[in-house]
Every structure is written in C-alpha cells, then in structure tokens.
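Scrolling down, you'll hit the structures one after another.
Presented sequentially are two complexes of chain A, the first with chain B as partner and the second with chain C.
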Partner chain A sequence: MGNSKKVILLGNFGVGKTSLVRQYVFRKFSDDYMTTIGVRIDKKMVAVNGQEVSMIIWDVAGESTHQKIPNSYKLGAHGIIYVIDVLRPSTYLSIEKEISSLEDLLPNVPIVKVANKIDLLTEKERIEIVNNLPLNDYVLCSAKNGSNVEDAFNKLAESLI
Partner chain B sequence: MKLQDFKSKFLQSWVQFVLMDEKGNLMETCNTLFSFPENYGNLFDEIPFLDSISQTLADLKLGAEVAYPCINVELLDFKGFCDYVFYKIDYNNQHRILWILMNFSDHYTHLIDLQQQRNESVIQKELLEIEKKNAILAGELLKYKNEELKRIQKLKTAFFSKVSHEIRTPINGILGIAQLLRENKDPETVEEYAGIIFETSKHLSTIVNDVLDLSKIESDKISFEKISFDIRSVVSAVTAAFVYLGKEKGIQVISNVWDNVPKLIVGDQVRISQILYNLLSNSLKFTKEGKISLDVQVHSIQGDQIEIRFEIKDTGIGISAENLARIFEPYEQATADTTRNYGGTGLGLHIVQQLIKRQNGSIDVASEPDKGTTFTFVIPFEISAAEPSKVTDDTSINRNLKILVGEDNPLNQKILTEFIKKWGFRHETVDNGHGVITKLGQSAFDLIILDYKMPEMDGLETLQFMRANFGEEINAIPVILFTGELDQAILDKFNKLNVRSVLNKPIEPKLLLDTIAKIFYNEPRVSHFDLHYAIEMTDGNKMLIHDMIDIFITTMPEEFQKMKELLAHGDLAALRKAVHKVKPNFHYMGIRKARKILDLLEKDLDSGKHKAQLPTKINSLQQITEAAIERLKVEKLNWVN
Partner chain C sequence: MDKQKFEVLKDILFEDARKRNEELDNKVKAIDEIISDRAKLEPRIAPILEDQVHYLEKNFPTLFGAAITASIRKQIKDSQDEVVDALYPIIGKMIKKYISLELARLSERIDRQLDRAFSWEGWIRRIKAWFGGVDERDLIMTELAQPELEEVFVIQQESGLLMGSYSKHQTLDQDMVAGMLTAIKTFVKEAFPGGYQELETIEYENYKIIINNLKSFYVAVVISGNMNTDFKMKLDDIMTDFEQQVMEKYLGDKENFSEDQLTELIKANFGKLNNGE
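== the complex of A and B ==
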C-alpha cells in the first residue's frame, strides 16, 4: 500500500482500452478483438520525478457513456484515461459531454484524453482528423506499435503526484 | 446483521467470505473458492484490487455496503468472474470489513460471447457507414471535378475564340495600315500610320505574351531567377512609365518604398516588374480620375529572410463583392461589360496570381464599386549580402563599345542596329553564325549579340564552335543571346556555354541597354540614382529630364572643384553656400547617399564642429557623385526625345 493510485480507463467499446493496458503493462499486442466485460485490474509500478507510484489500472468494459458503468467502479478513482478510436467518430462525438459529466462526478480528478489507432492513418489523414476532433490536447497513441502509450500513462501519473 | 447471519445466508459452494480488519489483515475465511496460504500477508498489500479501494472501504459507514459486479479475478488458485460485496460490520465491538465473493463465472463467460457479437456487429456497421459516406463524398468530389473540368473547358473554348478574334483584329489592322503605308509617301501620314502600327503591335504583343505566359504556367515550365537586385530601381522604372501614361488621362501615379526596405534583395526582378506592370496597368485601365499609388514596405523580417508587401491602390470603378471572388480565375473578367468596354483577355490577374503563388507569396484584393480597388501582395525574398561593386570601367570605354550582332531577321537587325547607333556604340552585323566566326577572326569586339535561331549556323552552334576553337581572349567577350522561346532548358544550355544574359524576343531596347550597362558596370544601371522625383516634377517630359541629367553631369565636377578651393582657403562661409547650392541637384537626381553627407556637411559648417573631417566628407561626396555621373551618362540616352 502507500502511494497507490486507482486509474480507470473509460471510453466506448472497441477503442482499444485493453490493448493499451496490455501494451503499457506487458508490452504485448494482439490484433484479435476480445471484448472486456466488467472490469479487469492490473498493476504497474512507475517512477515519477524520483517517486515510486503504484498505478492500479481498472480496465473497464467499454460503454457509449460512463453513466452505464457502475458508480462503484469510479468511486475513489485518482485519475482517468478516456480513450477514443480515431477511425470511429461515434467514439468521440459526445466526448465534450462525457468529460464534463465526469468532471462533475469526480471533481479535481485529472483526465488524459487518448486518441488511439493512429497507426491506421496516413500523415495527411492524421492531420485532418486531429484538426477536426472535438476538444484538444489528445495524446495520439497506437496500442499496436506502442507509439506514445507510455507518454499517455506517464502524463497521467505526473498529474497524480 | 451479525457474522453468523452472513455465514448462514451466504455459505454456498459458489460463495466465499473473507473477514478482515480495517487495515486489511485477514481474520477469517471459509476457503470455498480458494485458500489463503498460512503466511499470506496483508490483503491490501497482496491484492491490487483491495489496495485500490482501501480508502473507499475506510470511508464506508458502519452497516453500509459497496458492491462491485463482474470482477475478472485471478487470485491464488481461483480464476473466473465474481461479484464482490463489501460490508462494514461490528464484530466483537470492533469495525470489520466483510468481503463476499460470489462466483458467477459461468454466467459472465456466456455473456462475453454475446457481448463480443454485439460489439463486433456495431463496429462493423459503423465502419460500413463511414465507408458509405466516404464513397458518397468521393463521388461528389469526382462530380465536382468533372463539372469544373467542363467549365474550364468551356471557358477555354470561349477564350480561344475570343483570343483568336483579339489577335486577328490587330493583325488585320497592321496589314491594312502597312498596305496604306506602301501607297502613301506623305511624311505626316507616314508618321501617323507608323504610330498606329506601333500601338497596335504593342496591344498584340500583350495578348500574345499573356497567352504564352499562361501556357507556361499551366504546363509548369515557368522558372524564377534568384539574383540580387535593387527593388527601388524596379519600382522607380515601372512607376515612371505609368506616371507618364497617367498624366495623359489626368490621373496621378505615385510610388513609395519605405526606408526600412533593404537596398538589394535576391529574387526575380523581371517577374516582380511583370506583376507590378500588370497590376498598375489594370488600375490605370479601370481608373477614370483620381490617383493610383504603389506602396512597398516590409511585411516581416527574420534573419536574412524578408517578406515585402506591395500595395497597389486606385480610385477606379471598383469591383462588386460577387465579381471579386472570380477575378483571379483564368479567362474571366469581372463582367461581360468589362471586356466590351475595356478590352483585354481576362488572363492578366490570373497570371499575376500564379506568378506570386509560385514565388511562395500571396495576393489579396479589396474593392468597393465606384470607390476603387486595392491589390496587396506579399512575396518572400532573401536580403542580399552583396553590395554594389565599384565601377571598374570608365564611360569612355562603354561609349566606344564595339558590338558584333548576329541576327538574320532584317526587321530585328534594323531595330538592333538603330538603337546601338543611337546609344553611341559601334557595330558590325552579320546574319548567321558563319559570319560571326569570320568577323571574330578579323577584328576585336567588346560584346556579341546573338540570335538563337539563325540559318546555316545558329546561336548555339556558333557558341559551341567558339568555345571549342577560339582562345581565351575571344571567349572572354561577353555574349547576349536573344530567343523567342525562353525556358529553363534553353537557359541551362546557354549558361553552360557561359552566356552573360539570355533575353526574350521581341527585342526590348530599354532592357537591352540595361543588360549592356549591367555587364560593363557589373551592377544594375540605375542603382546609384532614382529619377522618380524628376519624372514627377517634369510630368515625364523627356527632353527636360534629359537636360536635367546633362546639367548635373556637366556642372557637378566644376562645383566640386570650387568647393575644394574654398576649403583650401578656409572660406567656410562660402563653402556653406556652395554646399547649399548643389543640394537640390542631388535631390532631383535621387542620389540618396549624397544627400545624407550633404546634411552632415551643412550641420558641421553651421556648428563649426568636426572641421578636420570636412575634406573626407567632401571627398566621399565627390566619389558618390562621380559614380552616379558614370551611370547617368548612360541613363541620359533613354531620355532623348
């Protein structure tokens, strides 16, 4: 116990939350889509500014809105990673509303927005899509090739200290 | 509820209870799903899930519960899905946490399959929708492109029919007048007919140049030079022509280059002139009264990179907002009336826009009907590190230039030789490369002017022969080449053969003289003076300007002689008067460098300070004046009526 932080991964189903955790914790990736039900918990120790932090990551089954997720999952969360799929507008069309509702439910809890699957875009498409995303300050990630995955979790870890 | 009640309620094979204290120390369990080893440590330390909810459990009120459904559990030797419920209870007067684990693995495993199918189907549907939308967009884009292509094709057809009319009309006119000229010997009528032919040819030349420029732009064959040039000279030279033309219409044409614009910049002087000429000519065409101004200033500067902003503003007929959007499109004019009333091919502004765009610049237009139009364009340049080099040759060499002309077309021969004579140079003319080779073996020349396309031996073959067979002395003679098809490939060919300058046909005498002066002075001809003020002051009166230059050239050496004598005698009061007397002359000739020294001299003479520096300042002034005089001697030739 001690410096443990509960981090929950939220976002629509199929956006790659489980893949991000697998890449971050185990450095593994599989192209097969295996849906998550309920929640799966993993743990990773990270050093932030010379301080050791135990990130207990709750990989929560994807839903179109966090309101469909049991409140107990969110209770006591220290940080949130909200994941979208850059290829599916349905995963980010309501992101403004979702983030705002999460901020109301969990005031002062940092939220990192992650745009996943950028490996599937060309540079031109990436610029075009990113420019049209609602909100800004996304971490552009690829769970498949690991690009920026560590950065996304580290960004959240830094804000937890 | 007491622990015993919980036990009796939940004690089933698929349920396990774990009793722990508030710090996570294990107290009791029933071992139905898994067994804790004997030395198992603190539950909060051992089980990450419990660690992450330890604060929630601490905050739980006595008698309250918190439930976590569907937890994917891998704990000790148990693997499956459980629902967790945590109760805070009173056990022997101590607060305890009772953790109930209910194994629903079968139920949840079955759910996974259903959920997987549902999610995959939704995702597939979404991706299909996106593909459909993309296909619709691609179809619309294709449709738009086809329509645009059709529209351009239609405009091109209309344009070529218009251009063929525009070209045929002046050609027929020229032929008709030429026929009349042959039949009429009356000097006044001949003069009048020659004037008509000249004006009509100029108009025809504009149309042909526009069409050729557009064709080059569209085939991406246009190239841009990167050479150091004096932007003030370009502005001054372009404006001078319009001051004169404007005066005839009663329109004032003025230009201003801000002081912070560097003297020399690196870019394509000819293309900048072309853009300015086009925009000013457009303004002049559409302005009936008022004025036209050209303002040049620094837009941004970073290191040796500079963006220069050019603004051309007129008080003309203006353009409506609706038509403004179309004016840069090729083959378009603001309205059909514009073509009827003002003529033109509708290509000028498109060419201007493309020339600017291809130099990484941008152009904007703002206009209000009946108020006027403002074109603003910004082009990036490099600031030139080169300063104008000192004059090495004196004017007497220049005026005694002997030029060998290789040109087969009798009309071009006539034009070239007439102007060469007018400028005071000597020449010999031949009509093919063989003639050039023969002449070069017979006498010495200072300059060779060659036509690219000549019979028997063309310009290229002539140069190749010269480079291969003649010695250093002949190959050091500068060569100016004329061609009807100026493109990068031709430029590259002749650059390899060390041609000093390649000029486009038709022959432009002023440009040729500029080029000659540049070769022999090794810098732009007008960089040491600016006649803009003189042109404005005299309303462009050529003779008057010629005389002003002449007076400056002849009187200034005497004035310096006088100043030096006064300085030697220590008569500073008279020297002050002499300096004051010559000051306006420098102003008329636009010799800016000299004006600064004159101001300092006057100040020193008034205050009586820095007397020791007076000879240095007068010498500097004299050097600047002499350098300007050398160039003015050539410039003067342009102002002969």
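== the complex of A and C ==
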C-alpha cells in the first residue's frame, strides 16, 4: 500500500475531467459528453525517480453552483487535480475560494491546476486568456489531442513521494 | 323424355340410395350433437382419457424417463464440456453462475411442461443420484449452492487504498475494487446522513459482499453461493479473531506492519473457510 496514492479530479461539470483520465490512462478521446455519475475509479502505475507509484484515480462527478461534491469523497486524497475549461470563465471565476477551502480540508495535499481544452484556442486567444486567468501556475492541457496531459499527472505524481 | 318423367325414373332407381343417405344424415346429426354438446361428449370420452392419463401418470418414468434423462443429461454434459473445459481454469465462478442459471431454467422448463405429471422434488432426487458418484466436472454442480469465500479485502477508510487482500481467482484488479467499494460506501453514508447508516452488505447476483467497519480500515469479504447459518457463524468468528490480530499488530507497530504481513494474516484466518475446517 505504501506506494498507492489516492488522486482525485475536481472541477465544474463538463470541464473535461473524465476526458483527461481517459487520455492519460487509455490514450483515448471522444467528443461525446457523458456526464459522470458518482465516481469512476481508474488506476495507473507511474515511475517517479525510479520509484513505482500506483495512482488510484477518483474521477468524480463535476460540481455546479447548486451541487457540491460532499467532502467525504475528498478525504484521504494524497493529491488533487483541479480542472477548469479555458472557454468557460464560470469554471474558474471563484477558483481561489475553491482552492483555499480545499487546502483547509486537506492540508499539505498537493494540488495541480489544469486549464483544459486549449486545442480550441488560436495562439492569440491563448495568450490573451492565459494572461487574464486569476492564477498563473496552470498546466495548459488538451484532453483531445493529448498535449501536456501526461505532464499534468506526472507533476502531481512527483509531489506525491 | 321430359323432365317430369325423368324425375319419376330417378325416384324409382335411387330409392335405396336415398334411404341410406337419410339414415347416414341422421347419424351424422346425432354425432354432431354429441360432439358439439360438451355435456354429452364428456361422459363418453372421460373414462377413456382418464384411463390414459392414469396409465401415463403411472408409467411416465418408465416410458419417457430414460429418454428425458438421457437428453437432459446430454444437454448438461455438452455445454459443460464446452464451457467448463474452456473457462473453468480461468474463471470458475462464471461457470458456476452459468450452470446455476441453466439449472434454474431447466427446472422452470420442466415445471412448466410436466406440471402435475410428477414432482420436481422427484427430479432433484434423480439428478442428485446421477451426480452421486461421478467425475470432477459434475462436482461443480453439487458445489453450486455451497457458500464459498472468493475474496477478502482490507481497505483503508477514506482513501480507499488496499492494505491487503486474498483472492481465490485473481481475476479482478483489487486496487480498483477497493476504490469502488469505498466510493459506494461513501455514497451510502452521504445518502443517509445522521451517522448511523453504514453499508453492511451488497448483494450482486450470486455474490454477497459483507462489510465490517473498524475505525481506520474496513474488511470486505466476498462470498459466492448460498450463505447458510453455519457458514455465517464461522465467518463471524474468523472475522472477529482476524480483526483483533490486525488491530494488535497494526496499532502496535504501524510503521513496520507490511502489506505482506497483513496478507499472511488474511490467509491464515480466512483460509479456514474454504478448507472446511
């Protein structure tokens, strides 16, 4: 169990949490949107600095303003990937508040912030939007073409050991 | 010859035939009346039918038993050969499920067809007799209803990470099952706020998952077949013993308590269940 870690994906509905996991674990992507009901569990083994880490990935249903994920799903997590959708400001407008309440709930648990769907932006839009994001340490990803997806998960894996 | 004369001649020539026709006509009418009037028909046919039914009832096993026996046995045997040979080494439990389903279907079919001719209990006895001596494959059938330990998971609360496990078949990814069980447990807890609702069993087809919650971890045991009181009591005893041992070691020296040690403890305790000790 020593090298098993619970990793949980959080963020609003439809930002691409499931797509990121699918891309990372199975190298697959689909344009269809099938909202996640409850939780999906996946597993991926990664080598970090010569050490095997097995990530047990909890892909939870997305949040909306009406519906928050109960904290009990988040408890026991060793790492968090917080996902936003670059095209939907509503998914990152209150991100600072979200992150700080996560830090309260799970002190010292590393959080990687992912801005997803960058394949939908032109170069010009990309620069513009990124400059306007309230936080600057995002990993810019596309679950669709796979760019930076591995990097995002690896970044988290590194901070897990 | 004119028409009238012809008629007269016809009368003379066919007088006999006409009489016979009339007689026949009347007989047909009488029979028709009997046939179409149930009340009249019944007393005539009932005795014959009853005789036949009686005869069949009495002699069914001798008349058709052998044929039905052979054909059913062949059916079961044929599919067993195919399915059992191919799959049993890999997923024995699927076979059991398949066979139990087939047996249930068979019993339904026979029930329907032979309804009162003779009882299903008789068949059960007969089937048991066939498989009384018999080869290994057939044993699967008799094991069918026996409860059996399939998997044991010891899972950390909250994180849902697997601390140790035992598996008869090693067909599942146990890390993922542990996560999923924990997610389901969390869901139930959330769905019934108030603190007292904890998920204790999950039933799924031929399987029953029994969950025992302790503070920092929980134990999930997967049983196939029919749980009987005897088995349940044994399981309860083993569970209590096991948990006590784990608590002692785990709480005593958390740092040095390894997954392997836990797995050994699981085997030593729960192994007794399948060995019939």
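Convention: the second predicted complex is superposed on the first by the 158 of 161 C-alpha atoms of A that agree within 3 Å, B and C clash if a C-alpha of one lies under 4 Å from a C-alpha of the other, contacts with A are read in each partner's own complex, and residues count from 1 in each chain.
Definition applied: a contact is a pair of C-beta atoms (placed from the backbone, for glycine too) under 8 Å apart; a residue touches a chain by one contact, two chains touch by 3 or more.
Quick caveat: nothing in here was measured; it's all calculated off a predicted structure.
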item	value
Fit or clash - chain C, chain B, common chain A	clash
Partner chain(s) touched by A:Ile161 [first = chain B, second = chain C, both, neither]	neither
Partner chain(s) touched by A:Ile127 [first = chain B, second = chain C, both, neither]	neither
Which of chain B and chain C A:Ala47 touches, first, second, both or neither	neither
Comparing the two partners chain B and chain C, which touches a greater set of residues in chain A	B
First, second, both or neither for A:Gly14, with chain B first and chain C second	first
Partner chain in contact with A:Pro89 - chain B first, chain C second, else both or neither	first
Contacts of A:Leu75 with chain B and chain C, given as first, second, both or neither	both
Intersection of the chain A residues that touch chain B with those that touch chain C	1, 4, 6, 38-39, 41-43, 54, 56, 58, 70, 72-73, 75-76
Contacting residues of chain C [partner chain A, same complex]	156-164, 173, 175-176, 178-180, 183, 186-187, 189-190, 259
Sites on chain B touched by chain A in the complex	24, 42, 44-45, 48-49, 51-56, 59, 66-72, 81, 108, 111-112, 115-116, 119-120, 122-123, 126-127, 130
Complex contacts: residues of chain A adjacent to chain B	1, 4, 6, 13-14, 33-43, 54, 56, 58, 61-62, 70, 72-73, 75-76, 87-90
Complex contacts: residues of chain A adjacent to chain C	1-2, 4-6, 38-39, 41-43, 54, 56, 58, 70, 72-73, 75-78
